[in-house]
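Take a look at the structures below.
The same chain A turns up in both complexes below, where it pairs with chain B and then with chain C.
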Partner chain A sequence: MLWIAIRMLTGDAQKFYGLVFGIAFSTLLITQQLTIFVNLIERGASGVYNVSSADIWVMDPVSRTTDVAYAMPSTALDKVRSVPGVEWAVPHIRAQASVRTKDGDLEGVAVIGVDDATLIGLPKRMLEGSTDVLSQPDSVIIDDVGTTRMFPGQSPIGERLELNDQRAVIRGIADAIPSFTSTVVLYTKYSQALNYVPGTRNRLSFVLVGAENPLEAKALSERIERETGLKAQTRDEFAQDGVQFIIENTGIPLNFGITVMLGFIVGVAIVGLTFSLFIRDNIKQFGALKAIGVTNSKIRRMVAVQAGLVGLTGYGLGVLGTVFFIWGFSGDPTFKGFYIPWQIPLISALAVAVILALTGWLALRNVLKTEPASVFR
Partner chain B sequence: MALDWKNLSFSRQILPAIALLGLLAAVLFIFVGLPDRNLTEPDREPPRAPAELAAQARVAGAGVVEPSSETIQIGSALSGLITGLFVQPGDRVTEGQVLFTVDDRAVRAQLREANAAIAEARASIAEARSAQATAAQQLALYRNVDDPAAVSRAEVIRAEGEAAAARERLSLAQARLQAAQARAGSAQTEIARLTVRAPIAGEILAVNIRKGEYVSTMGGSGSQPFIEMGQTQPLHVRIDIDEEQAPRVALGAPATVSPRGASDRRVEAEFVRAEPLVVPKRSLTNSAAERVDVRVLQVIYELPETNGLFRVGQQVDAYIAAKGAEE
Partner chain C sequence: MGKSMDTTAIGGCNPEAAICTRGVTRDFEAGQQTITVLHGIDLDVRAGELTFLVGESGSGKTTLISIMCGILWPTLGEVKVFGTDIYDLGDTDLVEFRLQNIGFIFQQYNLIPSIDAANNAAVPLIAQGMDRLEAREKAVGMLEKLNIGDQAGKLPSQLSGGQQQRVAIARALVHEPRLVVCDEPTAALDASSGRRVMDLLRDVAVAEDRACIIVTHDNRIFDLADRILVLEDGRITHDGKDMPEGH
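Right after this comes the complex of A and B.
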């Protein structure tokens, strides 16, 4: 009987493909836009996630994100080290600087100074060269997206730059997730960064902390705040701060929210119209079925199977489209590090289910009211 | 119904199959593509609190290794060219050992001059003595003549005058001798001052002069000291502690010290003293103008013998027990 429902559904190929296309299109729209949205705002947290070993970030109480930070006196490091439960703490500087390239162009860069001795604060992986190159004088490591922006089509290794009238030689490329603004990032040692960044009296932007017990990082961050008067955020909290900052300060959530809404509306419109037209066209057949004694619940199940097939096919193709999209653009520096959070396909699945349930329910109302006699009219 | 190949329908069987396979592929892609945000242990050992202080109240500080005598910047009392340099960095010297000598030709010439003047003065003393003797004999001769008419009064007065003048010449010559001797003595002192000696026993840490260079009493070029030395057995370490943390430090307790870059090699350092003066912290930025920020209490600790792990001027990280920890 359910097979009959499916034959009924695919009998009119035009309508069937219309339905599948509608579902696939709205799935694609919702999934792809949500994916880009999530990845885009998570760019605000990339600075935090690039540092793989710090459990807690300590900063001045007014600092908000990795890029919006107010410097602390250098003894803040010792204060943090004095807190019980802190296994280790290292200095970290993040600052904006202008770099003069060989051609004389001026480019804004982010200079990140990592602890001299341990190099904590560098991205986990290197694309070219090793992190040891920082022990050579005047060395900097550039991030891979910065490479494509500053040195399109050539290797930056060995290039000389001028930072605050000081020489800097690029000796490595780091594999890092770019920041929201895709600024070129130069990693160097803390002591070297102090020379590269013309600055004020206080220079220390962050203290990176490793907790003795990483599972109790939250409690430790509260203790650090209590004992030092500084602001301490766990890694996830600080990543969230970065995301929040972008949500609050840009129009991105609104724009993408509108697109996702449009995807939903388009889905409802196409699928709803086609599905109810399809059911209305088949009302005679349903009537006939009722006439031969098929119950309403059986008919409900038949429609559910039809909706399920359309939904599954459309949704599968839509998600596949999104995967192809992300995969196809994964080589593009703008989309570096983009991924599909597993929650998003579930959200679009829910949206598809809602669309189908809504339209199916609307269409079914007529069927259920149909008299078996209507066949003969 | 299903596996009838002739009856295979694109829309009924192939398309849903493609969709299902696509879904599976997507699931795989999504889970493979999830970003790696796991926390990792740092590759290189960062400075950690020692185990016994891990869960206790503690104070951390950064410091610099210095000689136990502190660094002595050897100066020169006189300026001139360096004619002899007798030490190298790393040499161990005893107290009073010659470090370098400054050109002494001019002073030696003065000494020779003074010696000549001494000889001259001695000669004039001898000459004055013989003149005095002659005059005294003449005067005695006149005085022994009883007949007043035999010798005129004027002759006697002249003889008396000659005797007195000869006495004066002798004392003048003696005074000249003393002056010349004093000049010789001062030239010898100058010669001694042109030889710079080690004020204490210790190790030569830096030699910034070379033979033939000019040293001035105003200090070296670029305000570099000529020679830096200090007692490096034992070494001390000067730990800076933020003034806000200073009241918490358990003064007298040992400190756990590790050098930068070798934080796994920790040593226990004995408390020596806390400096009575709280000073502005020097941020070692290597920039031309050292920056001044917060004030720090400086606490001195004595490092144990570690066979070259610590060197003078090296930066270290230190952990000290806080007051609450002992109670």
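Right after this comes the complex of A and C.
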């Protein structure tokens, strides 16, 4: 009977494709929007992810994220270094600046000053040039987003910039995860960054710490807080705070939530309507089957198989569509590193299951309510 | 009025009757009103006969046939089909009883449009759990018996009305039921096609151990009946070989 159920469904090509389209569209909308949402909010932690060697980030107690930081006095570095369990501690500065290109364009950039001696604070990989270029005078390394934005279609290497009235020369391109706002980032040595970024007496944004035992980073961060009065967070905690900041301070969750909900509603509407039409068109056949001697439980299984087939096909196409979308935009630095977390297809699968259970149940009610005797009327 | 015979029999059922109804009454609720469509029908249908159930629209013939084949519960009364009190069976057992013992031919045929003639004819066998290919093979055999074996692979939409009717007949007979119920089998056919279908039904559906009831008001085929029951306002008013005068 299940074979007959499938043939009944696929035999009506118009409705079958309508149902598959409804599920595929819903899945695409839910999966794609959730994927973009998750990847976007994870950009709130990109500053942390880009510095993979630091186990602990130490900052002023009011600082919240890599981009929302209150500067500390330079003595904070020594305080942190004196805490037992700290293997190394280096200064890290993050500040905003304006840059003028040789064409006269103005761009807001983030200047990141990394430790002069160890260069800890730089992204792990370089796309062009090596980290050693920072030893040359006025050197900066630009991230790939900056390359695309400020020098589209050309190499930025050797380009001169006017960075807060100071001369800067681009000598490398870093392979970095873009920030939430996709701001252009210029990396330079800490000492050089102090020249580029005019400011108050205190300009040390963070102290990056390597733990003697990375497995005890949490305990060490608590010890640093106790002994220095500063705020210390493990890498994971600080990354989570960056994500949380985006969630709490932007309308992104609401906007994406609305789109995901719309995807769900559209799915219910399209699939519900088409499924109901399909059942209505076949109600005589179902009535005949019931009269002949097909039990209600077999009818339920038939409708379940029809829903399952539509669900699997539509869901597969929807997820595939999302994969193609992510793959298609992977060359754009704005979408760099986007991935589909395994939880998202699972969530869309659940949403599809709910859509089909709801619409299948509504359609099935009509079939079950149909009196076999109605075939004689 | 014709002979009264066993249609008004009182008391227990004749054990040889294919279908036996005693005191079958059926009410329908229409708003606040209760309408009685059947008034205590007592009837025995014999095997080996082509029995016509005739009456005007609204006379209760569809209700009666629905009750006799176990798809509509009577408000009162008893129905035995080949000795089984079908409304004493549980829901699932009743469905199973229909599947094993009754073949249906519907006025609109109700064939599944997306499967071919052979598979349509095989539906009861598939529902009984037979392997689909085996069921199809058997159904093709039945279609051949009905002279449309060459149409076995065609969809219902590719068949003429008469051919669809034959597929419906094949579906009703493929599982060798003991009771065959036909609803207006000739209503959609011209006179000659209608007679051909009736001849066919007489050939394949009437057997010593099988009862065949046909609901119709097609007076072109009344002469083919072995027995005609006339229903008027929920009561059997005639039971005989021929139609009463004036109808």
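Assume the second predicted complex is superposed on the first by the 373 of 377 C-alpha atoms of A that agree within 3 Å, B and C clash if a C-alpha of one lies under 4 Å from a C-alpha of the other, contacts with A are read in each partner's own complex, and residues count from 1 in each chain.
By our rule, a residue touches a chain if its C-beta (ideal position, glycine included) is under 8 Å from a C-beta of that chain, and two chains touch if they have at least 3 such contacts.
From a predicted model like this one, the values you see are computed outputs, not experimental measurements.
Using the contact criterion defined above for the overlaid structures, shared-chain residue A:293 touches chain C, although it does not reach chain B.
When chain A is checked against chain B and against chain C, the one touching more of its residues turns out to be B. Contacts of A:61 after superposition: neither chain B nor chain C is touched. By the document's definition of touching, of the two partners only chain B reaches A:309; chain C does not. Shared-chain residue A:3: touches chain B and chain C both. Once the two complexes are laid over each other on the shared chain, residue contacts for A:12 go to chain C alone; chain B is not touched.
After overlaying the two complexes on the shared chain, residue contacts for A:339 are found with chain B alone; chain C is out of touch. Looking at chain A, you'll find residues 3, 7, 10 touch chain B in one structure and chain C in the other. Against chain C, the residues of chain A that register as touching in their complex are 1, 3-4, 7-8, 10-12, 284-285, 287-295, 298, 371-373, 375-377. On the chain C side of its complex with chain A, the touching residues are 62-63, 65-66, 69, 71-72, 92, 95-100, 102, 104, 106-108, 110-115, 119, 123-124, 126-128, 132, 171, 183, 215. For chain B in complex with chain A, the residues that touch the partner chain are 1, 9, 11-12, 15-16, 18-20, 22-23, 25-26, 29-31, 33-49, 54-62, 240-242, 244-245, 248, 260-261, 263, 281, 283-287, 291-294, 296, 317, 319, 322. Chain A contributes residues 3, 6-7, 10, 13, 16-17, 20, 49, 52-53, 55, 73-75, 77-82, 84-90, 115-120, 124, 131, 177, 191, 194-195, 201-203, 210, 212, 214, 235, 309, 312-317, 319-320, 322-323, 326-327, 337, 339-342, 345 to its touches with chain B in the complex.
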